[in-house]
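What follows is chain A paired twice: with chain B in the first complex and chain C in the second.
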Partner chain A sequence: MGLGLKWYHFALWIGFIIFMLLMPEMVSKGTLRTIIFANFLAIFAISWDILSGRTGYISFGHPFLIGIGAYTTAILTKRFDVGVEYAIPLAIAMTMIGGTIMFLPALRIKGSYFALVSLAFMELMYQLVQVIRPDLTGGTRGMSGLVTLTRGAVNGYYLSFTIMIIVALSMWLLMRTRLGTALSAIALNEESVKGSGLSPTKLKLFAFMTSAFVAGLGGAFYVHYLGSIAPRALFDINFVFTIIVATLIGGASTIVGPMFGAFFLTFLLEYLRPYLPGAERYLIYGVIALLLYMYQPKGLYQIMINQFNRFKKDEDDG
Partner chain B sequence: MKVKLLRVVAISMSMLFATTAIAEIKVGFIGSLSSDTGLSTLRGAEIAIDELNAKGGVLGQQIKLVTADTRQDVTEGVKAYEYLAETEEVDFIISGSIDDVSLGWLPRMQEYQIPTLDTWTSYIGIIDMLVEDYDSMKPYFMNIASDEALATLYIDFGKDVLVDKMGWKSTVILQEDTAFGGAIHGLISQAMAPVAGIDVVETIVYDVATVDFAPLYSRAVASGADFIYLISSVNSQVVSSQYVKLQVPMGMTGVNVAPMGQDYWEDTGGMGGGMSTLTPIPAVGMKLDPASQAFVDTYQAKYSSRPIIPHFNGFNAYHGLKQAMAAAEEAGGFNNTTWVSAMEKQDLILELDGELWLRYAFWGNDEVEPRTGRKYPHNLRFDITEPFDDGAPSMVVIQWYEDGTNAVVYPEKYANGEFTLPSWVKK
Partner chain C sequence: MVKPLSIKNLVKNFGGLTATDDISFDLEEGQSTGLIGPNGAGKTTIFSQIMGEYRQTSGIIELYGSDISKLSTPARIRLGISRTYQVPRPFSDFSVLENIRVGLMPDSIWKMITQGPNREREIELALSVGFSEDDLQQTPDTLSMGDLRKLEMARTMATNPKIMLLDEVFAGLTVGEINQIAKLIQNMRKENMTFLIVSHDLKALEPLVDDAIAINYGKIIAQGAFSEVISDSAVRTSYLGTE
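And now, the complex of A and B:
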């Protein structure tokens, strides 16, 4: 397979997993709640990274996919009493169909045009949810009192972390294969990929499908964590920007970077809350994110790699 | 290098493990800190807490208020509720949240069972949740009349004033493209218009970022309707002031959030005359009982920034928070059974000139409201039948006049002004 795995890869992943599993013993429940949101944001950011970070097809409409997953399971469980064990897989399947629909414009357009079309998908979904069968979707106000899979911060934390780590680890491994390399090549030069005998269409379809799978999985579990859903909470430009900023701040096209970015952004906002309860914290948050991005456009992941290399060099030198 | 790394790790860990100490009675505010309505609830709660603390607090302890901003965002609302519950460990939560934000954090309220009072949301769906699942929803109280009660009385306004007095038979709805707009549109097109005998000839939906309403008003005039029904909550001073500036030659009423605040006249640069809207009470232009007037006086002495007079939910927060603390005194704490029973019994009757003017009490779990024939557990005890002697009406209609004054025009008991057309509209 040629995954290029080193011993320290295993050590870092295992160390991270053990650290996270011990987290409920070390931090307050309030902090766990914050990490739960960070876990879900990490899933969404990884999903965006697979599609946009890898292939260069910038999606401004990712909530379209997340929303399909979330709304499908919400409607099935709330309106038709379908068990979550069936509703969630069906939601993921529906999201993958949504991913196929979103993929169609990518056959003809790219760059900023695709970004705008993807944004239109989100806007279309926002309108559809409110207009088409509001008796099912809950219309503008959405739905509350949905089935929740867990109660309490600790259980919610373990569930969200388990999903996040499975997604992160499997996607990290997938992107280290030749398939992952080929996806990155699409972003660099689609024509060259074609010239090398590979099918960019199939590769892009794979990226859209995989991204949709992760988005659907995350969206479905997210809604069963929240216990409520509203169109304004999902199909919102701020939600898109949060996902994109988390990926870029963490380090696009790295899978691990979006995880860092999601944790950094979520914690930054929550730790500012007691000191700046109003809108000011979003200003500080924006300034810090901007400065960080200006300092290292490749994100936190690259900063950590650089620190690690410097640390290693210091060790080697003396 | 190692020392630097260790220092960074140590600082990060100390931030991660930081928790807040708990001492006094903690009240959490959840709502938008950047809206007039959110600030009204917050300030109403602050004044109530100041007054209670000056008298020794509650349960022998001082009350501390902590805030959690929702930015009127549903997900931020969930995070805010979790923050209040798990990081701040508050005893009681007062909310100035809008509908979908409240619906977002309600599952958390059901999980934590923290006594919670909503002062702004009026969504009947939440009361329905209490009807269906009283046990898990019982710590929740809403001290604003639910929108269904509000609609019932508003249909009366449609019949009594728009049809009988003005002789209007058809309307064109001018509706903003928001959740609020969609919900109110349903109320008007499916409830008020058919019952009152008003024909909705057209609905014009506009984006909240619209700055030029001339084409939309032209379309409304071309529809041939008798009057415009405006539904606006975001930037509604823009659509209102352009109605005056363009001297649109037809009457306009509706559900318009900007005129519900006393800041409306300044916000429109003095071009807000002729606009009328339904509003929950206490409303601008409405005479106040002595206790509520004293609250406004304290408010104006304490705050110099907008809103210059609290919106209705500010009054709800002020009176409601005091009732919640009185219930805690009676119950010996905020236990979700004893406190709920004590809160259900709270009954504050505020009189003006010897007659009931406002009433802060709640419908019981088994009580049926006679006119609608349904239950409203833990909803404000409103009265939707004249002469309004069991409670205050669920809403009033107010009007702004061209000289910058305002008055209540419906219902008659509360009216201190006439529903009129602006001077440029021919009768």
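And now, the complex of A and C:
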């Protein structure tokens, strides 16, 4: 498949996985709960990266996709007593249909226009869940008392990490194939993609569906971790920015970058919480993201790569 | 004999302007045809219609005998026709090899995933258009106009065409670079490639073509052997003031 895998790729992934599996031994339950959020944010950031980081179709409406996954499984399990083993796959399938709907405007519009339309998707869904059948959606107050899949921080951590690492690894591998190159090419020059004999429509549809798959998966497991849905927090522009900033400071179009960006950002927000309990801390992380961006536009990922290469060079030099 | 490319009564209107005005011609298998005419004559617009980037107002475009007028650009390319652009359009963040890689990809997501890049072919194509080993990892922002045209050729060749349309291949090139590209075209002619070549540089074009079509204001004004076409009085008049 020409993935260009080297021994150190295996070493780094295995090292990272072992480190993360030992995490419950090393940190407090409180910290573990923070990392659970980081795992879910990582899933959402990876989903965003597959679509927007790669193809350049910037989504400001990712909670639309996450929300479809979350609400579908919540409604199915709570209102219709469907088991999670059916509800979650159905939720993911519904999200992929949502991804296809979000893809339709991308047939005709791009750039900031597409970003605005995607934002409208989120707003529309926010309005709809409040107005249409609040007996099902819980209206403005959302839903609580949903099935939870795990008990306690440690189990919640292992489940969220398992999902996150499977998503991260599989998407990282997928994007190392020629498909990843083709999706990046769309961001660079869609006309030249056509001129190379490739159908951008097919590629974009694949990106939207894959992004939606991951968003739906994350959204569904997230509600079954929380046991509740709060529409105001879900369909919130701050949530959108958290996803985007995590991706950008991590390094867009790299999969691994958004994963680390999600951890970095979650801990940053967590440590700022005592000092800045309100929404001001979003301002602070905006500033930090901007500074990092000015220092290294390709994000933390590139900083790590550069360090690693320097390390390797030292090794080679003896 | 079925013609590789056959154009019949092609018309393209842009509002009140008729950029292509009832143009008909055929390309012959393995032959190279020059398409000449002053700036704004409609040469590029003909290319764009053949490739499906512009839909013609009326007329028929046939590839090996079948009408391709309803096909998308990628579908036409898969049938074996490909073009270069007057202004090169590389993928800006990609290396020379990655640019060629995109051209070599099949239009199948499954095959993109399951089959790795063909590195030997990428390198072979890059070297065949005149890149050196050192150029392979360069990105377009570091390339000269000559190198960008070479890359444009390589990207086009990567789609494995039987018919190539070349738009102003020599514009902005040094004499050395013109010779390089000319040699490349000659080599492909020996391998039976069918060409339609637009160039302002008639001297460079002459040895590369079997015959020529001259157009002005979207109409064919002369057609036949290259030497006859360029000595045609209507063609000479059309070029006055633009050269």
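The criterion applied here is as follows: the second predicted complex is superposed on the first by the 299 of 318 C-alpha atoms of A that agree within 3 Å, B and C clash if a C-alpha of one lies under 4 Å from a C-alpha of the other, contacts with A are read in each partner's own complex, and residues count from 1 in each chain.
Everything below uses one rule, namely that a residue touches a chain if its C-beta (ideal position, glycine included) is under 8 Å from a C-beta of that chain, and two chains touch if they have at least 3 such contacts.
Just so it is clear, the structure is predicted and the values come from calculations on it, not from any experiment.
A.B. asks: Does chain B (first) or chain C (second) touch A:K312, or do both, or does neither?
C.D. replies: A:K312: touches no partner chain.
A.B. asks: Name the contact category of A:R133: first (chain B only), second (chain C only), both, or neither.
C.D. replies: In the superposition, A:R133 contacts neither chain B nor chain C.
A.B. asks: In the three-chain superposition, say which chain, chain B or chain C, touches more residues of chain A.
C.D. replies: Answer, by number of touched residues of chain A: B.
A.B. asks: Which partner does A:R141 reach: the first (chain B), the second (chain C), both, or neither?
C.D. replies: After superposition on chain A, A:R141 lies in contact with chain B alone.
A.B. asks: Return the residues of chain A at which the contacts from chain B and from chain C coincide.
C.D. replies: Dual-contact residues (chain A): none.
A.B. asks: Which of the residues in chain A end up touching chain C in this complex?
C.D. replies: It comes out as residues 1-3, 174, 177-179, 181-182, 184-185, 188-189, 191-199, 202-203, 206.
A.B. asks: Would you mind writing out the residues of chain B in touch with chain A in their complex?
C.D. replies: Those in contact with chain A are residues 1-2, 5, 15-17, 19-20, 33-34, 67-69, 71, 73-75, 78-79, 82-83, 86-88, 99-100, 103-108, 110-111, 123, 125-126, 129, 133, 178-180, 182-183.
A.B. asks: Can you tell me which positions in chain C touch chain A when the two form their complex?
C.D. replies: Residues of chain C touching chain A: 51, 53, 72-74, 77-78, 82-83, 85, 89-94, 98, 101-103, 105, 107, 109, 112-117, 119, 155-156, 158-159.
A.B. asks: Note which residues of chain A are touching chain B in the complex, please.
C.D. replies: Per the stated touch rule, the residues are 26-34, 37, 130, 139-146, 148, 151-153, 226-228, 230-233, 236, 238-239, 267, 270-271, 273-274, 277-279, 282, 307, 310-311, 314.
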